[in-house]
Amino acid sequence: MNSATGKTEYLRITDLHSYYGESHILHGIDMKVDKGECVTLLGRNGSGRSTTLKSIMGLVGRRSGSIMLNGTEIINVPTHKIARHGVGFCPEERAIFSSLSTEENLTLAPIVASGGMTDDEIYEMFPNLKERRNSPGTKLSGGEQQMLAMARILRTGARLLLLDEITEGLAPVIVKKLGEIITELKKRGYTIVLVEQNFRFAAPLADRHYVLEHGEIIETISQDDLPTKMEWLQQTLGV
Amino acid sequence: MEIFGIPSALLGSQLLIGLINGSFYAILSLGLAIIFGLLNIINFSHGAMYMLGAFVAWIGLTYFEVGYWTSLLLAPVLVGLLGVVLERTMLKQLYKLDHLYGLLLTFGLALIIEGIFRDQFGVSGEGYAVPDALTGLIPLGFMNLPLYRGWVVIAALTVCFGTWYMIEKTKLGAYLRAGTENPQIVQALGINVPMLITFTYGFGVALAAFAGVLAAPVFQVNPLMGSNLIIVVFAVVVIGGMGSIMGSIVTGLGLGLIEGITKVIYPEASSIVVFAIMILVLLVRPAGLFGKS
Amino acid sequence: MNTTTNNDKNMRLVFGVLFLLGLVAPFVVYPTFLMKILCFGLFASAFNLLLGFVGLLSFGHAAFLGAAGYVCGLLVRDSGLSPELGILGGTLAAGFLGWVFGKLAIRRSGIYFAMITLALAQMVFFIVQQAPMTGGEDGLQGVPRGNLFGFIDLDDNMSMYYLVYAIFCAGFFVIYRTIHSPFGQILKAIRENQPRAISLGYDVDKFKLFAFVISAALSGLAGATKTLVFQLASLSDVHWHMSGEVVLMTLLGGLGTIFGPLVGAATIVTLQNELADKVGSWVTVIMGVIFVLCVLVFRRGIVGEIQALIRRSGIN
Amino acid sequence: SNNVVKVGVLTDMSGTYSDLSGQGAVVATKMAIDDFIANEKPNFKIEMVQADHQNKADIASNKAREWFERDGVDVATELVTTSVALAVMKVAKEKDRIALVNGTASATITNKECNDVTIHYTYDTYALANGTASALTKQGGKTWFFLTADYAFGKSLESEAAKVVTANGGKVLGSVNHPFPGTDFSSFLLKAQQSGAQVVGLANAGSDTTNAIKQAAEFGITPKQTLAGLLMFITDVHSLGLKATQGMYLTTGFYWDRNDDTRAWSRRFFEKQRKMPTMVQAGQYSSVYNYLKAVKAVNSDDTKKVMDYMKKTPINDFFAKNGRIQANGRMIHDMYLAQVKKPEEAKYPWDYYTIKATIPADQAFTPLKESTCALVKK
Amino acid sequence: MSQYILETHQLCKDFKGFTAVSDVNLKVRQGSIHALIGPNGAGKTTVFNLITKFLPATSGKIVFKGDDITHEPPAVTARRGFIRSFQISATFPHLTALENVRIGLQRKLGTEFQFWKSEKSLNCLNDEAIALLESVDLKSFVNTVTAEMPYGRKRALEIATTLALDPEMMLLDEPTQGMGQEDIARVVDLIRKVSANRTILMVEHNLSVVSNLCDRITVLTRGSILAEGTYDEVSQNPQVLEAYVGSNDMADAHH
C-alpha cells in the first residue's frame, strides 16, 4: 500500500479550523490520506481527534479551510451529502437508536454506492447481530452496539470510514476481532481514519499516525518510523 | 337500565359522541406530537392550520366549485405547503435556540393568520353543507347517528392508524424515529434531516388541515374555530406524553370519551375536565401517560 | 472595579431621570393612560423576574393579574374595605395562588412548566367565569376608588396617579432588589447551572417556588391596582390571551433586562390604544407581526438592542 | 361644547361582535351624521371618532375616559357587550356625558345598573326572549327545553323566556348548561331531543347559536322540534344559510325588507357595507340621528338638557315605530316576530324573514313598573 | 461510627432494562483519597450520580457517616458536607470567578432567601473568596467572567467553589480531564493540599494521577466492582489488567 507509485489521494485536509459555538477547537489541521490507506489520529483526551472526524462530516458548529474528498471540495457541503459521497462515520458514542430494532438500526443508513457488504456478509461477520435482530438497538451490550455501529456503515458502500474509538470499553476478544475486521477491510480497499486510545490496537493496522495536541498536528509518523519515535510518543502521550 | 343513575341509552349516545369529538382531538394532537417529536416545537399555530383547512374547503366550494372529497385531499396539501414555507423561512432559524422561541413564533403566526381571516370573513362563520353522499341518519336504537359523524370517526381512525403505521413500520418512519433521538447522527448516515424536518412540519399541519375539512360540515367555518380548541389539544398532548404517537391517539380518543361522560354528569365542567386530568396526570406521571422519561 | 462603579453611577442616573419623568408625566400625558402603562409595566416586570432571571416560562400569569383584580374589587366594593386594604388583599391572594401553582408546577421545566401553568390558569378562568360574585362575563363593575387611608380622595385622577406611581415604584424596587440580592445571586446561579447549584447544597425547587410566589404576588399587585384605576375587573384579565400578551410585552421590551418589560408594556399599551382608532380589526395581526419579528430578528428586545448598541459603541 | 358635537363610536371591530356591529355601526353613524347635516342644516359642527374596544372593558373604559376628559366627546355610542357597556356607562355618569347603548343585550342596563345618562336603544334580552317565547307558546309550542350558555347572560335569557312560557300556559321540561364558548353541542342537543319538548330554546349567542342550529339539523332535531333563537341576528341567518335555519322563530327590532322606508335606508347602507344592516346597525343610525336632533332642539350639548328632551320626545322613523324613552333609559318601540323562510321561498338575496307579528312597544319591553331601576318612581 | 465515611450496600441502577450499576458495595475510608476507575461506560459517573442523589437508585442503600441518606433530596445531602464536581466543567458561566466562589460561601451566611437585602451585603465574603481563589492560583482571574477562562482554570475554579463549602467529603469526576500536562500537575498538587482533613472520592482515567494520589482504588467494569485495593494490589490483578488495560501491564494505561 505504501508503494510510491499508484497512490491516489482520497482525502486531503488543508488548514482546517473548527469551532463549537465560541470556542475554537481545531487550529489548522493539514493531513492527507490515500486510497486504501489506514491512518490514525493520536493524542490526549480533548486534543481534538473526535472533532477532526466530526469536522469532516460537518457535525461541528462552524469550520473553515478545505476538505477535498476524492477530488471534491466538501467544506461547505451539508452533512447528509457528505455521507452520500461515500463517507461512513462511526461516532464515539455509538449512537444506536433505542426506538429502532437492531435490524432497523442496521438498515437505516441508505446505500450510497454499490459494493457495500450484503446483509449476509454482515451477519456472517457479526453473528451476534443476527441473533438479536429484533430486539431494540439499545438493549444490546456495549460490544454489540459497537459492532452494530460499525456494521451499519459497512452496508452502505461507503469507501472512507471514520472510526472513533471503536475499541472503547470492549472486551479484549472483541477488540481482537475488530482488528481482524479492519485488516480485512483494508484488504478490500477501504480507506480508514482511526481515532484510538488503544495504541496497541492501532499500531499494527496503521500506515501512518498523526499526533494531535490542542487542535493541531504536532507530528506525523509513518509506520516505518514508528520504532524510532516510540520513545517520543511515550513522552508526549504516555503510550 | 341505568348506570350511575343515567339511562343507558343516554350514556351510550354520549359516549359515542365523545368518541367522535375524541377523533378530532386525536388527529390534531397527533400532528402536534409529530411536530414536537422531531422539531421540539410546540406548534401554537396548529389551531390556525385547522381553521385554514376548513376555510380552504369552504373557499373551494364557494368560489371554485371544488367539492368536499377533493378538498379532503387538496386542503391538507395546500396547508402542508404553507407549513413547508413557514418552516423553511422562519422556524428553521430557531432550532438552535430555546424551545420557547418556537412556541412564541408560532403563537405570533396564529395571531396573524387568524387576524387576517377574521378581517376578510368576519366572525359569524360560514356554513358548509354535509356532502350529499353522507347526509342522513343511522338508527342505532339508542340514538340516531348522523351518517356524517360516523364517517368522521372512520376517517379519523384511518388517518391516525395510517400515520402510526407509517411511523412505526416503514423506512420513512424509522428515519423519523431515529431523527427524534439524534438528528446529527442520522444526517451523518446520509439522510437529509433538514428536509425530513420540513416534511414533518408540513405533514403535521396537513393533519390539522385534514381535521379542519372534516370539521367544516359539523361546525361553522369560523376564523376562531381553532383558537379555542387548541388549548384543549395541548392538554391532550401533554397528558398523552409529549411526542408520543400512540399516546396522542389514545389520549385524544379517551379524553373525548371522558368529556362525553362529563357532559352527562356535570355539563358545566366539561370544558375543564381535561385540564383537571392533565394536572392529575402530571403530578403522578410527569412525562405523561405514554411519555418516555 | 472601576467599570462597575461607573455602571452603578450610570444606573443611578437613569433611575433618577426616570423617576422624575414619572413625577411630571401626568401633566403632559393623559393620566389614566399612564396608570395603565404603569400597571402593565409592573405586571410585565414581575413576569420577567421569572422568565428573564429564573428561566421559567409561565403561560398562566393572567391568573394572578386577574384573580387579584377580582379579590381587590370584591373587597372594596362588597366588603367595603379601604383601597389600600383591597390592594393588599389582592396581592396576598395572588401570592397564595402563586404558591399553589408553584407547588404543582415547579418541579417540571421548560415546555411542561409552561403547559401546567396554562392549564392551572384555565381552571382559574373557569372559576372566575362561574363564581356567583364575579359578575361572569359582565365583569366586576362599579368598584369605588374610595379614600386612601381614609382621607385622600382617589376619584381625583391625579391622586390616583400618584398612588399608582408609588405602588409601581415600590413593586419595581422590590423586583430590582430581588435581582440584586443574595437571593437573586442564587437565582442567577440556578439559571446558569442548575445541577451545580444543587450540588452546592441549594434546594433549587424552594428558590424557584419563592421566586414564583414573589412574581405572582407582584403581578397581583399590578392587577389589584388596575382594578382600582378602571373601577372594574373583567374576564379578559384572566383569559389566556393576557398571559400571551405579557410574554409579548416582555419579549418586545427585552427579556432579562430591568427596564425592558416596562418599555414593552408601554409600547403595547400605546399601540393598542392608538391602533384602536385607526386600523380596526388589524390590531391582532399587528400584534402577531410584532411577535414574529421579535422572535426572528429582534430577540434582544428594544432595551436589549439599545444596551448592545451602547456596549458596542463603548468598545469602539 | 364650543359649537362642536363629538360622537364617539366605541365598538368591537375585530372580535365576536364585529359582524353584528363593528364597521357597520361606524358606517351607520357616518350616515346619520351626514344625513342630519343635509336635512337639518345645524348651526354646529359634528365630528365622529371611533375606536375598537376589543371586547375588553378596561380598554373601553380607558378610551371613554380619554374621550370625555381630553377630546371633548359628548356621547359614547354603540358599546356592544355588557362588560363594556356597564364600564362606559359608569365613566359617562362620572364625567356627565351620554352613553347610547345599542349592541348590548343585557337588561341590567335599565334595571339594577341604570343611570340617568344612559339610553338603551335597540333591544334587550327581555324583548327578545319575551317576544319569541310568548308568540311560540301561544302558537302551540307548549313544551320547552333550553340550551343555555353557562354564564349570566345565557341564564338571564333562559329565565326570562321560561317565565313567559309558563305565563302563557306552557311548560319547561328541562334545560342544560353548556360551556361557553362551546363548539360541539351534539351531547346537549341529544338531551333536548330525548326530552321530547316541542320547542328547543337557544339561550346563547353568536357562534354558540349558529353551531347549535347547524348541529340540530344534522341530528334531525329540526324540523321535528322547533328551534327558537333567543338572541339571533340576520348575520347569523346569513352565515348559516336558509337550509339550516328554515322555520326558526326569532324576535328582531328591525328587518330591512319590512316596508319601503326600511328598504330605502337599508339599500343605502348596503351600498356602503355590502351587507344588509342588523338591527344594531339600524338602531345605531336612529339613536345618533335622534340624539343630534335633540341637541339641535335644545341648542346645547349639555347632558341633562339633551337627556330630558330625548326622554320626553317620541321617536318615529324608519327604525322605530312608537318609540319612547322611559325614565329608566329604556327606549321602547315595536318589535317584530319573524320566521325564517324556506330556501325555496327566498326570491332575492337577503330575503330571509317573514314577519309574523308586530309586538307593540308597550308589550315588547319590561313593564316600567317591574324595572328595578332606581330612577323609576314607584 | 465506623471507619468508613461513605458506604453503599448493593447499589443498583437500571435505565429501562439496561443495568448501569449492579450490586456495588463501595466503602470509602474517612480521610482517604479513593479512586474509582474503569473503562468508559463502566458506570462511574452513574455511581456518583447515585450517591449524590442526582439519580434515584433502583435499589440498595447509601450510608454517609452512619446515616442512611438513600432517599434524601440532593441539596440536603450536599448540606451534610458532601459535595461533588462534574465530569464536564460546572461553573456559572456568566458570573465572575469571585461571584462563583461566593455562591459557595453564601450558604453559611444564611441570607440566601433574603430578597430585600442588597447584594452588597455579600461583599463581606470577598476576602475569603479571594483567599480561596489564591489557593488555587486564580488570583489574576478574580474579576474575569468564567466563560472567558481557559478550560483548565475552570476546573480549578470549580474546586475552589467546592472548597468554599468546606466539605467533609468531595467527589471529583475526572478532575484532570481535558487538561494539559502542567495543568494536571497543578491540580494534583491542589487535590493533595485540600485532602488534608477531608475524604476525597474521585473518578480518574489518568492512572499516573491515580497512582500518584490515591490511597485506595476501586475498579468498576460493566456496573460492578471488579477489584479493590491499593494501586499496587490492583495493578497486579490479572482481571483488572484484562478488563481495563487490555494488556498485561498496568503502565500501558498511563497517559
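Here the chain labels run A, B, C, D and E in written order, and each chain numbers its own residues starting at 1.
Convention: a residue touches a chain if its C-beta (ideal position, glycine included) is under 8 Å from a C-beta of that chain, and two chains touch if they have at least 3 such contacts.
Every value quoted in this text rests on a predicted model; they were computed, and no experiment measured them.
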- Task: Please state, in steps, how far subunit D lies from subunit A along the shortest route of touching chains.
- Result: 2
- Task: Decide which interface, C-D or A-B, involves more C-beta pairs in contact, and give its chain pair.
- Result: C-D
- Item | Distance between the centres, which are taken as Cα means, of subunit E and subunit D, whole angstrom | 75
- Centre-of-Cα separation between subunit E and subunit B, whole angstrom: 48
- How big is the gap, in whole Å, between where the Cα atoms of subunit A centre and where those of subunit C centre? 54
- Between subunit A and subunit E, what is the gap in Å from one C-alpha centre to the other? 33
- Note on the structure: Where subunit D touches two or more other chains at once, the residues are 14, 18, 150
- Multi-partner residues in subunit B (2 or more other chains touched) are 115, 118-119, 268, 271
- In the complex of these two chains, what residues of subunit A are touching subunit B? 57, 59, 78-80, 82-84, 89, 91, 95, 97-100, 104-105, 107-110, 112, 152-153, 156
- Given the complex, residues on subunit B that touch subunit D span 9-10, 13-14, 17-18, 20-21, 115, 118-119, 122-127, 129-130, 137, 143-144, 146, 148-149, 217-220, 222, 224-225, 228-229, 260, 263-264, 267-268, 270-271
- Footprint of subunit E on subunit C - complex, ascending: 1, 174, 177-178, 180-186, 188-189, 192-193, 195-204, 207, 210, 214
- Over in the complex, which subunit B residues touch subunit A? Could you list them? 171, 174-175, 177-178, 180-182, 184-194
- Note on the structure: As the complex stands, subunit D meets subunit B at residues 14-20, 150, 176-179, 181-184, 186-188, 190-191, 194, 206-207, 210-211, 214-215, 218-220, 235-236, 238-241, 243-244
